[in-house]
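Per-chain residue numbering starts at 1, and chain names A, B and C are given in the order in which the chains are listed.
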Amino acid sequence: MVINNSHEQITSIPKAEVADLDFYYGSFHALKGINMTLPEHSVTALIGPSGCGKTTFLRCFNRMHDLYPGNRYEGSIWLDKDTNILGRKVDPIEVRMRISMVFQRPNPFPKSIYENVAYGLRVRGENNRRLMDEKIEDALRVSALWDEVKDRLNESAYNLSGGQQQRLCIARALVADPEIVLFDEPTSALDPIATASIEELMSTLKDRVTILIVTHSMQQAARISDHTAFMYLGELIEFGRTKDVFNKPLNQQTEDYISGRIG
Amino acid sequence: MAQTTLKSRSRQIYKPKLARQVKEKVIEFILFLAAFSSVATTVAILYILIKESFLFFQEVPIVDFLTGTKWTPLFVNPQYGILPLLSGTLMSAGVALAVAIPMGTIAAIYLSEFATKRVREIAKPALELLAAIPTVVYGYFALLYVTPFLQNFFPKLPGFNILAAGLVMGLMIIPFISSISEDAMSAVPVGLREGSYAMGATKLQTALKVVFSAAISGISSSYILGTSRAVGETMIVAIAAGLRPNLTWNPFDQAATITAFIVQVSLGDLPHGTIAYQTIFAAGLTLVLMTLLLNIIGHFLAKTYREIY
Amino acid sequence: MPTTNLRKLRTNLNRRKLINSGFAFLGATIIAIAIIILLGLTLKMAFQGAERITPEFFTSFPSRRASRAGILSAWVGTCLVMLVTAMAAIPLGVASGIYLEEYAKKNWLADLIEINVTNLAGVPSIIYGLLALGLFVYELRLGQSILSAGLTLALLILPVVIVTTRESIRAIPNSLREASYALGASKWQTIWDHILPYSFGSILTGVIIGLSRAIGETAPIITIGALTFIAFLPKSPFKSEFPFLSFEWLQAPFTVMPIQMFNWVSRPQAAFEINAAAAGTVLIGMTLGINAIAIFLRYQLRKDIKW
């Protein structure tokens, strides 16, 4: 298949570059020859019908696939041009310390609100209480949760609403200053109001980090992202500025998906 | 899409035949009786224990029973203080748990978080074997192999001792703790694990800080189960820890447990209705109350642990 | 990312990974140690008892002379007691399991039964012995017989049978039930024609595992006052005249394998240690044999299941 994704050049500095990425679940060829750049300090959205491989692609960035046997990567993802995330000698744990993730369903630990955010620091052996307090307050403020929880930091995270839990997970992902944050359909389990507050949050976060988000909703991609990548059947069909991809798609499949004919 | 509705023109109502209805009800009642037999068993246990203990406590003041430091019910001048049996029971259970809790917990964490599927498939049934060996065989091991082995290091260790019995009992209890704890840890949702790995945690950090604390109520109930096994274990202690009641907190000593005393009395020929016959029921009631107390503590622990989060 | 930061991050990571590997090693070692100790002790016992395990050992009664003493009455007793246990525990346990899984409504009575089954599983086995002594031996006047012992062990393994029955029934997909009801079957017809036959294998596996536990149980049988020196066999369950079956054996005094072993362990003479080792080896062999049957059955079953 000839893939036409030659939108006008993306000018921002690339934070990561994906080169000829293939991915296999056992013998199933899930991602096929993906090439893409992830622009720094911007929000990049991955869209496509379910089963197209967008979540699989996202989870390559922090090597989540290494947790399960039988998975295989080919090709490379360069972080800052110097580290190949998928390199054999690169430790997946080190990758995850630099690239953190927010999941589809809020998954706070059965611990207090404070300890949930502290976890990212604690796994790094951080014990300095004052420093932790500072970082945790900062992460909670950035995640727009501080005012709601500052008086009950020792309460269980499970007492929070779904939207609050997801913002807590965002704070947890931000606390140890990651370079990239991956979002895997972060609002699909939330109601519209909670979704709106997370979306609002996302646009303020890009000063701090680079964001890659998988979303099932084209409206969401259009609202929050600077760049959009459309995937179909394990291939990257089209990639460019969001407004270009949505307004003048170059590829017939992209147009079909955006106009609701597939998916 | 338009919904198609099928209206039956002539609906004939078949009444289930009475005989069939009756048969179904009778079967249900029989099945209910079978299920209720478990309640009847509990009631029967309590009835027998309380009835005989009641007769016992008419002869022996309950205060003497609970605070007396001598247990000599078969002597000419009998004394009925349960404390020596209690100390034997607690000491042997303590030694067993000191072995089984750390080993069982570490084994569970290893099996649930570290082992490959292949290793797990071999190691799990192998560990379960520890619980399948008859306890009388474990008693033999403790008396004839473990005690002589320990005597190499502690020459003064008597032939009957709490230590050997407790160590072997600990070995037996490992799978009770490891398999229930492992089940509890495996039941922790994958999302929590992924959340931890995504933060850059190692397997051990994920296991200890996330999985263990999420599974704590299941793990604590495995400890409770292990403890009640240890307290109620009979043959190992009866064979290897001796049958002499001894108020001691020294594991190198010999001491009878509550269960060992019941065995000792049963081995003799005790006429039904004598006070000596009733003592074993009073001892048994004490044992049941101890396990009951453990279960209540277990419920309480599980509840408070859950409330922290 | 600045290089100094990256270096710090890597040092920290290496330390954590070292601890991680250390723990993995510890876990594997602990499991290996536990299994090796068990294997070592069992083999030691098997070697010690090996000289006594001859055909005569299985065909001789106990004797005061260690070298001539055998386990005939013990293994026959074990088989008969297990027969009674199975006959009592299987119908009672399977019926309870069916009731709890298919009939019980969510009310206090069902909760009560359920809590009871869980609690009974945790009652020390010697307490069942006291129950049997008070109830079967004296109140019901069954005496210190095979019947009393078999019923006692049946009560002991009842929770295991109930729990496995429930799990086996639950594993049957609901679509099969609905298919049966849709053809006009009643509840009991559905259970009898479909649910029980389909779950038969896995229920049987659970029952066998319960029996393997009962075979090694010593304490409750000592408590009902089983004699330990039995130099005769119970009357045969078969006879030549009508109705060809006799139940006199149910009332017979008896001994079983673990009791015989306990008896030999507690003798002061060292010669009997060898008998005890031999009996222990046979007993472990019986337990493992039964477990192996269960594992084999379960394996066969997994192969056959199509849904």
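General remarks:
Just so it is clear, contacts are C-beta pairs under 8 Å (C-beta built on N, C-alpha and C of every residue); 3 or more make two chains touch, one makes a residue touch a chain.
Source: prediction; values computed, not measured.
Central chain by Cα centroid: B, whose mean Cα position is closest to the mean of all protein Cα atoms.
Of all chain pairs, the one linked by the largest number of contacting C-beta pairs is B-C. Put simply, the chain farthest from subunit A by mean CA position is C. Separating the CA-averaged centres of subunit A and subunit C is a span of 53 Å.
If you average the CA atoms of subunit B and of subunit C, the two centres end up 16 Å from each other. With centres set at the average Cα position, the gap from subunit A to subunit B is 48 Å.
Each of residues 13, 16-17 in subunit C touches at least two other chains.
With touch defined as above, residues shared between interfaces to two or more other chains in subunit A number as follows: 93-94, 97, 123-124.
Multi-chain contact residues of subunit B, defined as those touching 2 or more other chains: 200, 202, 205. Of all residues in subunit A, only 62, 64, 67, 69, 93-94, 96-97, 100-101, 103, 105, 107-112, 119-120, 122-124, 156-158, 169, 172-173, 176 touch subunit B in the complex they form.
Subunit C contributes residues 1, 9-10, 12-13, 15-17 to its touches with subunit A in the complex.
The part of subunit A that touches subunit C in the complex is made up of residues 80, 91, 93-94, 97-98, 123-125, 179. Those residues of subunit C that touch subunit B in the shared complex are 13, 16-17, 19-20, 23-24, 26-28, 30-31, 34-35, 37-38, 41-42, 44-45, 91-92, 95-96, 98-100, 103-104, 112-113, 116-117, 119-120, 122-131, 133-135, 138, 155, 158-159, 162, 186-188, 212-213, 215-219, 222-225, 258, 261-262, 265-266, 273, 276-277, 280, 283-284, 287-288, 291, 295. Residue ranges on subunit B touching subunit A, taken from their complex, read 116-117, 189, 191-202, 205, 209-210, 213-214, 308-309.
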